[in-house]
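Please go over the structures that come below.
Both complexes below contain chain A, partnered by chain B and then by chain C.
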Partner chain A sequence: MKRFWWKALGVLILLYVFAVGLLTPIKPGIAELKVGNAKAGQTITIEAVGYNTHFAEAANSNRVWLVQGADFVLPALQVNALNENMLSLQFDLPPFLPSAKKREEFSLLFDNPIDGRFISEQTIAITQDSIDSQQGKALWSAAKVEDLSDRAGMAFPYLAQLKETIRNLYFHVSLWFAMTILFIAAMVFSIRYLRHFREEDDRKAKILTTIGLMYGVLGIITGAIWAKNTWGAYWSWDPKQNMTAIALLIYFAYFVLRNAFEDQEKKARLAAVYNIFAFATLIPLTYILPRMAESLHPGAEGNPGLASQDLDSTMRMVFYPAIIGWTLLGLWIGQIYLRAERLKAKLLDDFT
Partner chain B sequence: MDKKYRFLQNYILLRRLVKSKNSGSFTAQKQGTMKKSCLLLLLFISFSIQPASAQNADFMQSIGKMYVVVAVIAAIFIGIVVFLIYLDRKLTKLENQIKDHDPT
Partner chain C sequence: MNLFKETLVLLRKEALLELRMNYAISGILLYVFSTVFIVYVAFVQLQPQVWNALFWIITLFASVNAIVKSFIQENSARQLYYYSIANPIAILLSKIIYNALLLMVLSVLCWVGLGFVGGNPVKDVGQFVLAIFLASVGFSITFTFISAISAKADNSATLMAILSFPLVIPILLTLIKLSANALRLLNDTGIMKDVWALVGIDLMLLAVALVLYPFLWKD
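What follows is the complex of A and B.
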């Protein structure tokens, strides 16, 4: 049990990640807004398609507003729930917009006691022919948004483009983080090898690199599957995809280099030096360069894997354990590999 | 029809590959069967997964794209299994070496 605890911990953490990561619902949100031409002074009809919403169940307590910022608000004239996920809205637009522009974008704010409040990502453009911003401002700030409800229970954020696939954060993104941890550990053992020239350190460095590379390849594959269903192609030659592919190729070359030498010591020394350089290229390739280029992949603002607004506190509760869980599982597989390699070395010593 | 044909082609190609590498001694023969079963397993997995990814996009887009998450988890699972097969083969090799050198 003493030696076994971290393996059990890794498995328990991953079980938690799978259970909570897959069973927690996604917050309600708006998948699509169907709207014709919207002009100031008209009465317009909007059809809202919801996701995970309970419009029919909430019945008459659905409330909707057209909003811009915190100041300009227009309540819906009529709100009709067609079914759980369909809402038909009618707005009586005032004759002027609250600005001097010909065209303004407005969001829709939804509220009902079951789903709580949520805002549509998609905006509605309203145009006006004659401009009177003074009167427009007065008309748009007549109403107030009050008594908004809160949704009960834990849920992951809703993004119209991602929907349920936001859960891939625990299976794709955390795999990359685990890979980085394993590569760091591999580099540490490479440095240790160069200081003491112990065969065991070289073995550990090699195995940690193998596991890290496996995670990297899985990261690329899972990323491609996710990309196919989000951006439309398995590989879009995006800077982030390209740079990580290059970084992985550099790590593949580590094994090519190892196989090129017969002499055990020469092999270990060169591999250790190469591993340190490989890690030195990994960081700029995956953490620095992609941030300097335009990318489909989120996270250019800060964190390389994810945009900060996508990662709320409920996701952190699963995401950070996921990194630890994948790392521990990797270490377990690595340990089995290490024991096999130790046996092999012992056999070589015994029989030669 | 096309898919079936491709599957058969791959199968014949892999069998040839396995046969050509499967030479002489006892251990090599044993490894050959191991290799063959591993390859067949992989082939089976890749074949059975093909319809899910290549078929129609509608399936992947249904239920809020939940099947994308399923596919990602399946990919990770298959990846880890492939690595375990690799480890398994390594250990089998070691076991055979010990057996070959055993004096009794």
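What follows is the complex of A and C.
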């Protein structure tokens, strides 16, 4: 058992990632707001389309406010649940907005005991013809938001563009992280080969590169599926997609190089040199150049893979273990591959 | 002899060799001019955008053809002799510098040739010269290093293309942007950021190549 603990750990982590990552619900949110022309002093009707919400179940305990910041609040005059995901709202807008501008943006704050509180991503623009910010401020701060409920249980954040596909983070992004880890390990073994010229190091470098490349291909496929659902096409020639495709081509060439030589020692030496050189070009390709180009992909500044605000604490609880899990699984596959390669080498030795 | 002096002597040797066996350089020149001629026959009138694309395609292939022979034009006995009297780093460095100079000449010739048949759409000469300089250095480092690897194989020309084209794409992407800016196809005020990124990539590749080369040459 002592020798296998890390394999068991890898499998357990991945089981946890699959179970929690796929079964945890998405937080309730607002998919769409249907609103006409909103002018100060009028009574307006808004239709809110919810996602994962329980408006009908909460019945009369649904409460909604128009809010701007923490100070300006307007409670809904009437809240009608049409069904679980549809809410009809009526607001009696005061004659003045709490600002000197012609147009102001407001968000909607929803609250009910089942779904807890949540704010719409989409905002509502209200216009005013005559301006009196003093009176407007007084009118808008008359009400207070009180006794907000909390949603029970764990949930992933709701983003209108991503919806359920947010779970792909545990596959697409963590596979790429695991790939980078495996490529770094392959580079380390290549360096070790060039220092001691041991066949075993070359074998390990080759195997780690193979698995890293496999993860890279899986990462690009899961990324393409994600892109289809959020950007509308599997491949949109986005700079980040292109760079990663080139990075994978560079590593594919590693295997072409290996096949070009018969002599074992020469093959191992040249492959090790190329592997280190390839890793050196992987850094600008995936970490420097993509930051300089405009892209659909999140994370232009800082980490090119994802923006920090994309992760909340519940997602971190699955995302970081996922990276470790995929890496451990990769090492396990590598160990089996390594044994097979050793046996092959031994057979060849016995034969000759 | 120190590294600097060694490199200079070897550089002189490379140039002399090229001049004495002038079929290699004339072959490349012939390649450039015949490609330019084909381009003229096919297009007659060149749009700046097409000009930009064709310029880099011709330069890229001319560079590969010029550099692929770096490590195979001399027989292995003579190479062994070089390695026994000179530092391998000096040998690689001299080849990189020589190839960079050769590529600069080639790309300027390509510019003149394309300008002759298709007009000269370059608006910012300084920036275009900078692009050519960075291209020559970047191509030279990558291709020279890869040709050292592929020279060890039997079908080195094919291996050279497979290994070097993906490696050179990051350099090429930035270059095309830079030269498109010089042609005023796009107006990017932050272009210097790309130039520095390119210089950084070139320097990093050079450092890695110099560190790895001593492991490469011995057989």
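Note that the second predicted complex is superposed on the first by the 351 of 352 C-alpha atoms of A that agree within 3 Å, B and C clash if a C-alpha of one lies under 4 Å from a C-alpha of the other, contacts with A are read in each partner's own complex, and residues count from 1 in each chain.
Here, a contact is a pair of C-beta atoms (placed from the backbone, for glycine too) under 8 Å apart; a residue touches a chain by one contact, two chains touch by 3 or more.
Keep in mind that what you see is a predicted model, and the values were worked out from it rather than measured.
J.: On the A-aligned overlay, A:Ala253 touches which partner chain: chain B = first, chain C = second, or both, or neither?
T.: second
J.: Does the superposition put A:Ala58 against chain B (first), chain C (second), both, or neither?
T.: The answer is neither, since A:Ala58 touches no partner chain.
J.: Under the stated touch criterion, which partner chain does A:Ile207 make contact with: chain B (first), chain C (second), both, or neither?
T.: neither
J.: Quick one: classify A:Leu89 as touching chain B (first), chain C (second), both or neither.
T.: Once the two structures are laid over each other on A, A:Leu89 reaches no partner at all.
J.: For A:Asn229, decide between first (touching chain B), second (touching chain C), both and neither.
T.: Touch status of A:Asn229: first partner only.
J.: Thinking of the overlay built on chain A, is A:Leu66 touched by chain B (first), by chain C (second), by both, or by neither?
T.: So A:Leu66 meets neither chain B nor chain C here.
J.: Figure out whether A:Leu74 sits in contact with chain B (first) or chain C (second), or with both, or with neither.
T.: After superposing on A, A:Leu74 lies clear of both chain B and chain C.
J.: Could you list which residues of chain A make contact with chain B in one structure and with chain C in the other?
T.: On chain A, no residue contacts both chain B in one structure and chain C in the other.
J.: Over in the complex, which chain B residues touch chain A? Could you list them?
T.: So the residues of chain B in touch with chain A come to 53, 57, 60-61, 63-66, 68-69, 71-73, 75-76, 79-80, 83-84, 87, 90-91, 94, 97-98, 101.
J.: Would you pull the chain A residues touching chain C in the complex into a rising list?
T.: 194, 243, 246, 249-250, 253, 256-257, 260-261, 266, 269-270, 272-274, 276-278, 280-281, 283-285, 288-289, 292
J.: What part of chain A is in contact with chain B in the complex they form?
T.: 22, 26, 51-52, 162-165, 167-168, 171-172, 175, 214, 217-218, 221-222, 225-226, 228-229, 329, 333, 336-337, 340, 343-344, 347, 350-351
J.: Write out the stretch or stretches of chain C touching chain A in their complex.
T.: 145, 149-150, 152-155, 159, 162-163, 166-167, 169-170, 173-174, 193-194, 197, 200-201, 204-205, 208-209, 212, 215-216, 219
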